[in-house]
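Structure provided below as structure tokens; questions to follow.
Labels for the chains are A, B, C and D, by order of writing; each one numbers its residues from 1.
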């Protein structure tokens, strides 16, 4: 494209944009518009959450106690850390530090994977305690002497756990997509593709990553911290 | 001489740039993607039409005699799913919108050409999934997928169908988001917001609905699929779930989706009325604002589908009154179109026929919405053939008439060829007459009480059903006629001049068909849209 | 290629990060107290604050165009439409005292 | 309605005439605008037909007065329609207090009807002329919709809750019952007849029907069979709250909320007993979700409604 134009084009500028700035602004705006669709996507779930919590307050409080606050809280910290490293990676790209990008992206990926590993153990515990909705829904606890003690949960708790699995499951799916995205960005950063003039991919992947963090910021208190009467 | 020049020009067009299938399937040119969409939605339109024919055939007689009840249920379900998700939603935005939004605002392409192509591929994947569902026997839930029927009672491939709709929905989100960014960031110098052609305004409003509504139906249908496959019950009444919640979430998208279908149609009509009357659109600001008003109000009215669903009566009243408000911007548009023709220079070429047909049908479609919005009246009409007639007047009488009008208007620009004027006028008349005979009797059937989705019905309803089926055959012939002469035009049509209608607008300043990057020189806009000057003979036809 | 978007200083990022951690601790401890009807509003208030911090600083919305800000706000506004008009049904269901009306 | 081109369904209930009037009013408004706009458009098309290929229209951009006119007039007309429609809907939503109560259960693909005296029928509904009749409807499987076009009434029948409709038949005859919400393969076969009879004929019909006791009597039997009676004693000595005079009263719940004990509250408290716990009682009642059919549930409800305090009539709390 550059050959027939009077002013020099950056090699990454696509033919239909007037300038790199227009291109960056368009991609940031595009990502935000996309994130709005994500907000609405999760919004449907939150709507279901609100309606059923209004219908079954007791079930919500008691089912919430079956979730592991340590794991949920720990994961919140992990995600906040990953948001910091992500923001630092974008900054590294903006100032042109290849090393900074690589280190921070690797940290982000590791933190994201940590989140998923914790999630795995959390889900595993739910299966063991019969808290998975469906024909086998049968809440119980494993006592120290090896016997099973059934837990009595009020009507509506099966819906709570359905929502718990769907909300956290879809969130985890977004994490997986995010990690895959970060691997691609890492490979590109490794090749030194980004610098002060061109860092759109890092920036918009970063927006996505932070969004996934924000979803968790809401999921954590709404799912894990209900009822107000627990103690650590 | 003129002829050979046009042909020489055509060599530089987007159609011919590099030949070959691969250059089409990997294209990032919005015009080629629009043509790919046009081909694919035509296939689905025919498929959906086939099911419609099956439905009308069965309803000729009161007894269920041609198909089995099960097959009939699958036919209307697949008719709905295909027509709504695979034809109407992408119809105008993905074809005419894709083709003309960038040209009308004077840019080379949409902001994200690769995502545009991705959107077409997602549509195709969703479509192929729908075809697989069809091959496996179809679904019998209706296009509305109401739980608990869709989650527990139906033993058809509901989950796979949901996957198909989900993927197609993603394609629609990508189209919408591409348009929004394009309109905001890619306008040519001088193309201010209030110089935008009204078609672009309408597409912009439509895109808002697409990105704000589609994700909600995506998650809702995902929840139904999760209920079917993973037993994660959200709407299951057996564990205390509320099926009405599904309806709330479903209509949060699906009511605005009606505006995804009709708003672009309104945009097309605004263009056509101005161009065919060679006159500035009457009340430009009001027409543009009413598009946005419809898009926004459209999100506040979904509960009018739930008046008799055991929704709270007070919620019903809120939804009812807001629904009544939607009538106002729709009325404003209609009156403005009529006023535009006043003292115009109204052409009697074929696009005008479609426009006038649209106005008649859209009026009836829009006004009959008032019956359904008045809560008490809705008790009698809810889920009857009145509803069927009403939304077909909007979606077929409104959206498809407008789509046809737009297609006739812009066909010379898109393909570089003219079609047979006489046949085009005949087709417009056939479709108009056939349509009214098909759907007007259904209003009466509705007030008589015939419920929708009935395979067999009491004898006294037969006379109106026969009339409806007879009209449907005329309607079908009308559409086939359009298909025939358009196909003929594609291969044998006369080469089209750059501006066959003598219309204003950036799309008419470039050649027919346009070059790959739309304009030989980046346009700079200096005048408002529809700037027809009455004094001199500034309009140059051809 | 002139006029790059301003770059957020590391100091700001770390400050926001620490604030977020503090708020996480606060929300857990707040959940151990009983504020009666205010339990959920308190939790939501903290969550909204955290989300706003992430959006404003980590996602650098404060450096973005006004248009982006409008997009962000309208996204959440639409969410409120969904919740508001949906609850419009659920909260008024018992009012008339006739089942299913 | 022997016309070969029928336009209206039979008019056989107290609201049918008003519904028809509303229908005609909206039709009048719609017809007026359709005709006027169509004529105007066609007239302009002919009158301002393009004379020469280079003809251009007049330079008119708009008129604020006109815009306001055609914004405000439709607004007023549509608000009138809203007001009338909402008022009609409101009246159709509130059954008169003297209405006799018939229960209807929908299942794929039939309607099961039970009269208060215990007579049952399937896909048929006999009602006396000129009496207010209230239907309480429940579904055993998917969503159905009980519609009687001749009465201009319709309501969804939703699994997991009860819905209500009422009518007052004004014309002797036999009319259609349709299922209006798509419910599966034989959706169009889920039809029936409502038979309007004189009150005397209705009494005679009831007497001739096979009854296994009134709905309330059947409910009383179930109340004993399911051992409800062991905890819910008439005096306040049981482990569960006394149910005398419960229906329609306001209940104080353990979590501080207050609810009116209407049909759906009683339903929930039987099926999912843990959902709402009455203040001062333990959550010990088993959930009867899987053990009670929709019909039995309606019989239990009839029994609970019949439990009135010995002295005064129950406070009509749900009738405010």
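We take it that contacts are C-beta pairs under 8 Å (C-beta built on N, C-alpha and C of every residue); 3 or more make two chains touch, one makes a residue touch a chain.
Just so we're clear, the structure is a prediction, and the values are computed from it rather than from any experiment.
The interface with the greater count of contacting C-beta pairs, when B-D is set against A-D, is B-D. Taking each chain's centre as the mean of its CA atoms, D is the chain most distant from chain C. Computed from the mean C-alpha positions, the centre of chain A lies at a distance of 36 Å from the centre of chain B.
Separating the CA-averaged centres of chain A and chain D is a span of 45 Å.
A separation of 15 Å divides the Cα centre of chain A from that of chain C. Shared interface positions of chain A, defined as residues touching 2 or more other chains, are 25, 29, 33, 36, 40, 43-44, 47, 51, 55-56, 155-156.
Multi-chain contact residues of chain C (touching two or more other chains) are listed as 67, 78, 82, 86, 90, 96, 100-101.
Annotation for chain B: residues touching 2 or more other chains are 184, 212, 216, 240-242, 244, 248, 252, 310, 313.
Viewed as a network of touching protein chains, the structure reduces to a complete graph with every chain in contact with every other. Of all the residues in chain A, the ones that touch chain D in their complex are 55-59, 154-156.
Across the interface of their complex, chain D is touched by residues 94, 96-101 of chain C.
If you check the complex, the residues on chain C that touch chain B are 67, 78, 81-82, 85-86, 88-90, 92-93, 95-96, 100-101. By the touch criterion given at the top, residues 184, 212, 216, 244, 248, 252, 299-300, 302-303, 306, 310-315, 318-319 of chain B touch chain C in their complex. Looking at the complex, you find that chain D touches chain B at residues 1, 4-9, 19, 22-23, 26, 29-30, 33-34, 37-38, 40-42, 44-45, 48-51, 53-63, 66-67, 70-71, 74-75, 78-79, 81-82, 84-90, 92-93, 108, 141-143, 145, 147, 149-150, 152-156, 158-161, 163, 176, 178-189, 191, 272, 275, 289.
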